[in-house]
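The structure appears below as structure tokens.
Each chain gets a letter, A, B, C and D, in the order it is written, and its residues are counted from 1.
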Amino acid sequence: MTNQKQDKNMGALGPYRVLDLTDEKGFLCGRLMADLGAEVIKIEPPGGDPGRSLPPFYKDDPHPEKSLYYLAYNASKKSITLDIETTDGQDIFKKLVKTADFVIESYRPGHMDNLGLGYEDLSRINPRVVVTSISPFGQTGPYRNFHSFDLLCSAMSGHMFITGDPDRAPLHISLPQAYLLGSAEALMATMAAHYYRRKTGLGQHADVAIRDAMIKTTVNTVPMWEYKNEITKRGGVFWTLRGEKQRVLWPCKDGAVSFGMHGGGFGAKTNRELVKWMDSEGMASDFLKTIDWENLDMETATPELYNELSDAILRFFQTHTKKELAREALDRGVMLSPVQTVADISESTQLEARDFWDEVEHWDLNVRIRYPGAFIQITETPCLKTTRAPHIGEHNEDIYIRELKMTSEELAILSGARVI
Amino acid sequence: MCRQALEGVKIADFTWAAAGPLTMSYLAHGGATVVKIESGTRSGASRSFPPRGGEGGMISSMMFSNDNSDKLSISINMKNPRGVEVAKKLVLWADVVAENFRPGTMEKWGLGYAELKKINPSIIMFRSSARGQTGPDSKVAENGITLQSLTGFTSLTGYPDKNDPTPPWGAYTDLTAPALGAVMLIGALDYRAKTGKGQCLDLSQLEAGLQFLAPAILDYHVNHLCARRMGNASSYGVPHGVYRCSGNDRWCAIAIFDDREWKAFCRIMDKPEWLDDPRFATAIARKKNESELDHLINEWTVKHPVEEIMNLLQDNNISAGIVENSADILNDPQIKERQFFEKLEHPHLGSFFHHGVGFRLSKTPCNPRTPGPILGQHTEHVCRELLGLGKDEYENLVDAGAFT
Amino acid sequence: MSKQALEGVKVADFTWVAAGPLTTNYLAQCGATVVKIESITKPDGIRTFPPNKDNQAGPNRSLLFSMENANKLSMTLNLKHPKGLELVKRLVAWADIVAENYRPGTMERWGLGYEDLKKINPSIIMFSSSAQGQTGPDAGMGATGITLQSLSGFTHLTGWPDRDPAPPWGAYTDLTAPAFGAAALMAALDYRDRTGKGQYLDLSQYEAGLHYLSPAILDYHVNGRVAGRTGNAQPYAAPHGVYRCSGEERWCCIAVFNEKEWTAFRQIMGEPGWAKEERFSTFLKRKKNEAELNALVETWTSRHSPEDVMAMLQEKGISAGVVKNAQDIYEDPQLKEREFFKKLDHPEIGPLSHRSVGFKLSRTPCGPIRPGPCLGEHTEQVCREFLGMSDEEFVDLITDGVFE
Amino acid sequence: MASEKTRDNQTVLGGYRALDLTDEKGAMCGWALAALGAEVIKVEPPGGDPSRSIPPFYGGVPHPEKSLFFFAYNTNKKSITLNLETVDGRVIFEKLVRSADFVIESFKPGYMEAQGLGYSALDHINPRIVMTAITPFGQTGPYRGFKTSDLMCSAMSGFMYLTGDPDREPIRISVPQAYALGGAEGAIATMTAHYFRERTGEGQYVDVSIRESMLKTAPYSLPWMEKYGKLTKRSGPYWTLMGQNTRVHWPCKDGSVTFVLPAIKINPDLCRRFIEWMAEKGIIHESFNRIDWNHPDMASITPQIQNELESSILNLCKTLTRSELMEGLIARGITAAPVNTMEDISRNEQLRARDFWEQVEHGEMGASIPYPGAFIRATETPCVKKHRAPMIGEHNREIYVDFLGIPKKELVILKVAGII
């Protein structure tokens, strides 16, 4: 399976093939593997993946080939159509498994087993194969069959309970995140299993729980309960991250900036530099200027002290715009960021300078679209340039006819029987 | 009597044989007044098709009666100028003049479209011919038997293991041409009613027939694959064919298209082992081993009556049906319940079934009401009632030999 | 204990705070040998992050630190000491991977940039994680997860449409970057095993985070639309959101995707009159009147505990889940059955639940085995076992203050 | 509604709108209405009409946008996607019915009623509507619920029983015909109802049975059975027409030709021409010499002589190529046709001279394909120029946004919810 040419970058995973059976729960996993050079074959049900109906759409045209959600997370993949619930589909899938290094799926737990395509079945065909299952709660346990949606995974991870305003319902991020985090977790699981296979020749089954991957977002609130029986509650722009309520979002002239007032060594430099900055504009009180930042412990600081500090900073920020604050903070080494919109992000000189964006040709739409590019910069095997997500079954000919040597007549049978 | 959809539509119908009269049938059943213009010397072969009754010029066949029910017959001698005069009166009366002679015939009688228009500016002329009114081969003789070969239907019928195709029984293009011809004709009638404009419709039975082979033609044009006969096989369903059942020449058509049907079928045949049999487990394998599979299915079907197999498979939501012969059709419970056939009393042939159309309209019936006319049965009625000729005028024409 | 997947992978880990240690956390939990390098004078800031044992900060008292650094080894070093740097180079020679997440330029200042490391160990893989990458005008910008999630757009996208953003709790980009980085590291390791070539990996947490917003970014690039906050609403379901239940601060999330579910949901609610009103009769109307719909759904949910709502709805195939607080998570039966938390005895803190990675591998167990290391706990072990140091040398280095 | 629309005076149905819900069973009905100028909107389930999976395919690779079968019978139609099984789908459909003149459907009997969209419901919304249902056996009778196939409709029509060799199984035409004929019959029925509607303002319900439309393929055999109780059977290359077998199929050197073997007793003149032709070729049976062909003594013509004529002509044919044979037959005034393949058809001079083929642009594939052209020539209202079959949902925006005024934003919601 190692046939890479040394002169051309094929990415770190160049020699490997991935069969990607996921829906939106696992799209990102295969996408990142494709970025790393793997040949990722998305196996869609005849008619196309249901994820193709997810908004937003190109020019707001709700069309299966125009879902920007789908395009974003299936870029750089190939697509074939195959109904693996049919005997023919299973037969073909098994042939493909022989050629594959990875299988990623996100069906309800047990579904692949019921089809005779569970890990045990696939490992008999190809003992080296790594099968990654992505599901909301994992393949085992009382919740394994729960009906789920993205928000539910966030809700049950603890992250939502602490996000949002205290007088309103818990919140999730408006662009749902749980499935994406689950996919990233799945990638890591897959790669760990891959490494083990390299050493031993043995494949294995990776069982990824999206909710479990999301629990990390609760940072320290879980031990807070275990150790102190304190349930951290949501406080809008005030967090109880370090024991006491702290403001993390500060209104300014034209929006808001994020800034954490940290104590001790961690925040000392930033705090000192901020006071210098305020002082340069005549807004630092003597009290501020005399604080020993290195030894200020926010966990034990009195509310009075905290309020005095934050009132001063709040007043200061309100005299500036987002842009001014961001620029000056960068120069002064103050840890502060403006609350950016996607429009702000797209204008970032930093991203431009790092050549982050990939211009992707969509000949079918007669347009080039800017995509987020390499998720990591790598010297020897850089991430491959993003290519357009495949059309439904775009690579049927490549895989079925050129590779599996099936005939047009056989494909006609499979089409008529709605197998492909 | 109920209202009919095409009530009031007037047709001077010069058509003969099958393709033309079958087109006019749709209009006659729909309620149009269709006056069939025949001549005693040229009454059309179909009048003499057995089984038949009557004698000489008055001969009638059951097939003719079927194809021409609900029509009126006037018998004109077109070689007699007075006869042509009557024909022209009919043109003036009519909304539609229909014909399916070899191109040039109507012109010979002075009844080409240009002439008709002079008589009746808003006339619709419906012309059906083997290869259309124009082009180098337009006047080549053709009949339904040869036309279905010309159109390609014959090359697409037969057993793939034999050297030769088998002609489809009957004259298949006689079915395809009327279906499309009638569609446009009714459209033209509606158009005329709204705009007062007539027109000439030129139907090539070859071209109309090709519409029914369009996918195969596109396959040739695009993929350069020339479709071939493949018995009863389908390019995707498998098993797909007719299987011998118990009894003499009894067959059941069975078609299986997907996994669910295949699994149910194996269960019904008590062959659960086939589900794991590498020869049959997948559709592709079944296709590869189709003749072997067909053979094995035959071993099962041949032990059972076809009715039993049909019902058993249909109960399991699998497509299966009797290959019906004429007796089956006449006794078919579905056909009976839908009253597809109408029993009409024919003066020479007695009472027998006449076929209707393949559809029912909720407000306006289309069933056959009167059997095919005897030659010239309505000559006087047409002249007197429809054309409004006086008694003397009519008798004068009779004496002049206008009618045969 | 069975073999672990990454047994034998050697990591010299200079990372600190969150985004870096969480990356190496994956490697450590999967069996890699991860040596965390700190200095006694300037330990990882998270070592004092609350909650601390008895609310007293101290290097070995932070519960969060122990969780994030489970399975790792801790070695202390004084990098300002010439012998300290020497020792680091020996570690680099030993290691497969060097990981760090300082502000760009820091490692170079210490003489530990990639070029330097390559000289020591030509096939070394170096991993740098930073806020905005190693290059570009803003590379040097200091950031924490709190500020970076605003820069990356997450803050703007969290909250109610009628209010200012309510930033996502925690430091969201600290969670989005690590899995990307760890997986890329494994890919680089695989490449090195095949080709012998190491390389340098530069992860910008900002850029990695943007991949979690790709659809919104493409929407802007293509349609010019700037995504905004939508609370808990989503276009594909109605109702879709979080509903107050009985009890204090008890909530349940519910999503109804289709008609079947809507019908079942109405039945579970006891077919209240409002649910049958015209304004909720179609999906479009439910979407249009979503605010009223949500309020009415809440009148029902508020009479039940979230656990009851979840159970009732899940039983009928409707997605519903308790919005869990920290206590709920500890008591969660699913997590218990999957042994997500492992209670480990920390020498200073005592027994403490450590969370696992979000996956299970069928052959090679992963998860916490040892609590996060005390500062310098493994200095001697690393020197003797990994670097093959003699007693004499080790004692000399202690004496020289190299380990401070 | 037609009366409120600007009528297009170039075509029969210009300004009329048909909603076409059919699959392959009724596609030809809407196809014919579209050829007559109607705006035929194909209403496909989200993901596309299942008939898009029917072979053959452009390039031989199955793809829902490349089925040549679908291309053939969906020219000039528009396509929208709509899930009638949802309340939203039904509400939208009802709105469309208000604007429509025809509804054509081919669901299992009872399906439309189950969706609340039976004729009585549509009649209530738009009393002018003509609703055409095209089903295998019609809406009534014991077979109405039968699971169908094109083969079965042919088998049960009597046509197949008569086609094929007597010692082998009955066969059908290899390009399935029943559904096409049913669709054409449906078009006649629809036009008949349309004519009535235009005169009276009343719409009606049209119930088409595909099998019944096929029944006329066996017209001669039925009276034969009814009158004499005799079963007409299949007879291979012979035609059993009047209780007698007559050869109609003649193999030659490079193919075969169709003509009816003349009966000596009925058509001695035609027979004489054959005898002379055979004499030229040196193929002549001795017994023919004994007959005075100018004044044959009919009493002496035994069945054996007729048989000898057949076998001699068979021998003659085998010495000739198809074109030689055709030339000879035509020169002798014998009605005959070559057994044409699709290849022969596409080279046919007559069709070219009549300019039959119509180039249809498939911009999306960069191809232009010659299609069979107009099915009839009309001087005043010619069939409209062919335009390729629509892509799945190609006209969603036109119909939903531009026509029904559904805001684009709602269109996206409808897509995501699986309604369009």
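Here is the rule we go by: a contact is a pair of C-beta atoms (placed from the backbone, for glycine too) under 8 Å apart; a residue touches a chain by one contact, two chains touch by 3 or more.
Please read these numbers as outputs of a predicted model, since none were measured by experiment.
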Margin query: Can you check which chain pair, A-D or A-C, has more C-beta pairs in contact?
Written below: A-C
Notebook entry, point to check: Distance from the CA centroid of chain B to that of chain C, rounded to the nearest Å?
Noted result: 74
Notebook entry, point to check: Distance from the CA centroid of chain A to that of chain D, rounded to the nearest Å?
Noted result: 54
Checklist line | Between chain C and chain A, distance of the C-alpha-averaged centres to the nearest whole Å | finding: 11
Next item on the list: Let me have the rounded angstrom distance from the C-alpha centre of chain C over to the C-alpha centre of chain D, please.
Entry: 64
Checklist line | Numbers and ranges of chain B residues touching at least 2 other chains | finding: 223, 234-237, 257
Next item on the list: Would you give the residues of chain C that are in contact with at least 2 other chains, written as numbers and ranges?
Entry: 235-237, 257
Notebook entry, point to check: What positions in chain D touch 2 or more of the other chains?
Noted result: 54-56, 59-60, 412, 414, 416, 418
Check: Okay, what are all the chain pairs that touch?
Finding: A-B, A-C, A-D, B-D, C-D
Next item on the list: State the interface residues of chain A toward chain B in the complex, per the touch definition above.
Entry: 85-88, 91, 406, 408-410, 412-419
Note to self: Show me the residue ranges of chain C that touch chain D in the complex, using the header's touch definition.
What the structure shows: 235-237, 257-259, 281-284, 287
Next item on the list: Under the touch definition given earlier, write down the residues of chain A that touch chain D in their complex.
Entry: 46-48, 50, 53-57, 60-64, 392-393, 396-397, 400-401, 408, 411-412, 414-416, 418, 420
Check: Once bound in the complex, which stretches of chain B touch chain A?
Finding: 223, 234-238, 257-259, 262, 275, 281-284, 287
Note to self: Show me the residue ranges of chain D that touch chain A in the complex, using the header's touch definition.
What the structure shows: 46-48, 50, 53-57, 59-64, 67, 392-393, 396-397, 408-409, 411-412, 414-416, 418, 420
